[in-house]
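Take a look at the structures listed below.
One chain, chain A, appears in both complexes that follow, with chain B as partner in the first and chain C in the second.
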Partner chain A sequence: MYGRKASQLLKEFVSGEPGQLTGFNNDVFAQVIEECDGNILHLQALLRKMQEEGSNNQTNKNADHFGALVHHLSLVRNKRCLMAYVYNRAEVIQNLGWTIKHADLPAAVKEKLSISENEYFGKHSSNLQSYMLDLNLDLAVDMVPPKDPYIKVRVLEEIGEVLLSDQIANLAMHSILFLKRIDAESFISQGKMEELTS
Partner chain B sequence: MESEGTDDYETLISTTDADLLKRSWRNEKAAPEILQFQSSLVQRSREQIQLMEETVEELIANDEDPLTVSLYQMDIDRTLFLLRSYLRTRLQKIEKFMFHIQKAEDLWARLSRQEQKFAKQSIEDLKTHLEQSVLSKLPDRYQSHLKQSVISEEADMGIFFYLNCTYIQICMFANNLISMFS
Partner chain C sequence: MGQYHHDIDDILADEELVPAVFLEAVNGVGLFESNDTNRVEPRSKVELPFWLASELHLRHVTSVTIPPCFGKKTQEEIGADGAHVDLRSRCSYFYELGCKIVQLINEKTIGSLLLVAFQTRYKEVLIKAHTSASALAPKYLSLLTKEETKLYEAAKSSTEAFKTWRMGGPRFQKASVLGRKRKPVRE
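Up next, the complex of A and B:
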């Protein structure tokens, strides 16, 4: 049945965890494109036949006419589905750009993206960065309303000496320290620290 | 009548930039569409934050009571959060509705200069991405990112609501179909 493969693609996306990506389904995607190519061939053949017969499509709607219509609708539907698939994935990628820089993207996530998606992520995240640079204000921190300027964190990975906004700190693995929330946030989002809530 | 007048005057006087920022932030959070960018308010808030940061540094240099310093610091943090969250909310709206905002002149005029730059670039990037991934692989007459096919008279691609397109408008195209290919 026309359009079934494309809707499979979308069902796969919807059934995933919201905000998370599964691997780009190149196989099914290519099959849908193939179906579209088939549709256009049939469509053009039917239209040519109708023109040769000289049938007036306003008054005389014969089987060929509706056949052509079915192919056209299948094409349009497939297009919508493919666009929806790519667009909805792109939205997830946009959100990713807020939490992580392109260079820091873990390999596990990277391999789930198609080549074009990877490129898009890079462009989008540098676009965000250039906006922040124009404003001279980092918008990727301060995601939750502040309660206390300092939070207690545990360092999960060896980070070493780092210049923070108010001090130079030695962030050794397993150490527990009081840091400014703004300083700690980027480390937490990279998974190098965790916040300790008592 | 007179007392009402003074009330208004007093509320006007007591409305600080922090209150105004909070109000703009709340409005922006709650409104579905993008609102007018509060450029002078943002400018003033940033100057105020800078001023307060300088004050805090001075207090630290003078060995002031740590409690006083941390109260100031908390105030700065809160204002900064409001400011960041305000700008972030706007940017996320732009990301979501960029094609629509670009098309509607009154919405486009509500963006700041930097936001317009960001929106333009975002549109460019997303368009390239969609073209590379999908559109270039479709037949000629189905390659627009705004229209479903060349016979559509207006932008009917509905770029934000793809997943809801479960029904097909049968026969809508029937009469246009021939003219499209002949």
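Up next, the complex of A and C:
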């Protein structure tokens, strides 16, 4: 059945957890495009046949006309599926730019992106950074309304000596620190720290 | 084309199979694997995905009939104990497909069937989502359609959000794309 492969592609996308990406499925993506190529060949062959027979496809709707129609509809359907796949992945990637800088993206996530998605993320992320630089304001912090300028955090990964906005801190693994929220926030979204609540 | 053009659920609802009868002969299509001649004869009864069947129906190439999931058997079961009918195995896009079918063929019973089914099941979904322990949930969840599963998840997450708000808990989260699991501690 036409269009089956393309819907499998989308089913795979929705079966993942929301907000997370599965690897870009190059195999199935290419198979769908192959199916489209097949549709075009059939469509053109049918149209040619109708021209040779001299039938006007507006007035004389014969079996060839409807065959061409089925191929046309399948093409439109496959196109819609592929576009939706790329579009919905791009949405997830755009949201990534707000939590993680391009350079900090872990290899495990990076290899899930296709080449053009990777490039898209890099450019989107750098645009976002330069916009924030222009504004002289980090828009990615304080996504959760603050209750207190300082929070208590535990370091989950060795980070080392880092210059923070009010101090130079040694962020060793397992250490528990009292940091400014805006400093801690990006580390938490990268999974390098966790917030502690009393 | 419209606001739903990139909506994956809308696309997948269109993939559901509906019974249809061809009114015209169609040449040069390999729709059915058993068919060697690549020709579909008039009056052949087939199951087509909705996206294809509806377009062909509008052009009078096929005639779509009501899918079995909206048939008499389902109507009776919904009437008896709507909340515990396994709708997912019948059609995981029950409501969406129902709405689409009604627009295509003028069938009066489907509208009220959808409404009754949703009303009785909605209440049950919310009760289960707010109260049941997570160990009990999988069995009940397997009865729900896509739409109902979303409602269940939404209700569950709002209960959890209320609990964190009342008890106070960590408000910062790791970026969801990195996954839930904590990385293994390196030796």
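Simple rule for what comes next: the second predicted complex is superposed on the first by the 198 of 198 C-alpha atoms of A that agree within 3 Å, B and C clash if a C-alpha of one lies under 4 Å from a C-alpha of the other, contacts with A are read in each partner's own complex, and residues count from 1 in each chain.
Everything below uses one rule, namely that a residue touches a chain if its C-beta (ideal position, glycine included) is under 8 Å from a C-beta of that chain, and two chains touch if they have at least 3 such contacts.
All values derive from a computational prediction rather than experimental measurement.
Judged by the touch definition given at the top, the superposed model places A:Ser189 against chain C, while chain B stays out of reach.
Once chain A of one complex is fitted onto chain A of the other, the partner contacts of A:Gly19 are limited to chain C, with no touch recorded for chain B. Contacts of A:Val109 after superposition on the shared chain: chain C is touched, whereas chain B is not. Of the two partner chains placed around the shared chain by superposition, chain C is the only one that A:Ile100 touches, whereas chain B remains out of contact.
In the superposition on chain A, A:Phe178 makes contact with neither chain B nor chain C. Once chain A of one complex is fitted onto chain A of the other, the partner contacts of A:Gly67 are limited to chain C, with no touch recorded for chain B. When both complexes are overlaid on chain A, the residue A:Tyr131 reaches chain B alone and has no touch with chain C. Residues 10, 14, 61, 68-69, 73, 77, 80-81, 83-84, 87-88 of chain A lie in contact with chain B in one complex and with chain C in the other. Residues of chain B touching chain A in their complex: 46, 70, 73-74, 77-78, 80-81, 83-85, 87-88, 91, 95-96, 114-115, 117-118, 121-122, 125-126, 128-130, 132-134, 137-139, 142, 145, 148-149, 157, 159, 162-163, 165, 168, 170-171, 173-175, 177-178, 181-182. Residues 10, 14, 33, 36-37, 40, 43-44, 47, 50-51, 57-58, 61, 65, 68-69, 72-73, 75-77, 79-84, 86-88, 90-91, 94, 98, 114, 116-117, 119-120, 123-124, 127-128, 130-131, 134-135, 137-139, 141-142, 145-146, 148-149, 181-182 of chain A touch chain B in their complex. Interface residues of chain C, counted against chain A in their complex, comprise 5-9, 11-12, 14-15, 24-29, 31-32, 39, 49, 51-52, 55-56, 59, 61, 168-180, 182-183. Across the interface of their complex, chain C is touched by residues 1-4, 7, 10-11, 13-14, 17-21, 42, 45-46, 61-64, 66-71, 73-74, 77, 80-81, 83-84, 87-88, 92, 96, 99-100, 106, 109, 144, 151, 156-157, 184-185, 188-191, 194-197 of chain A.
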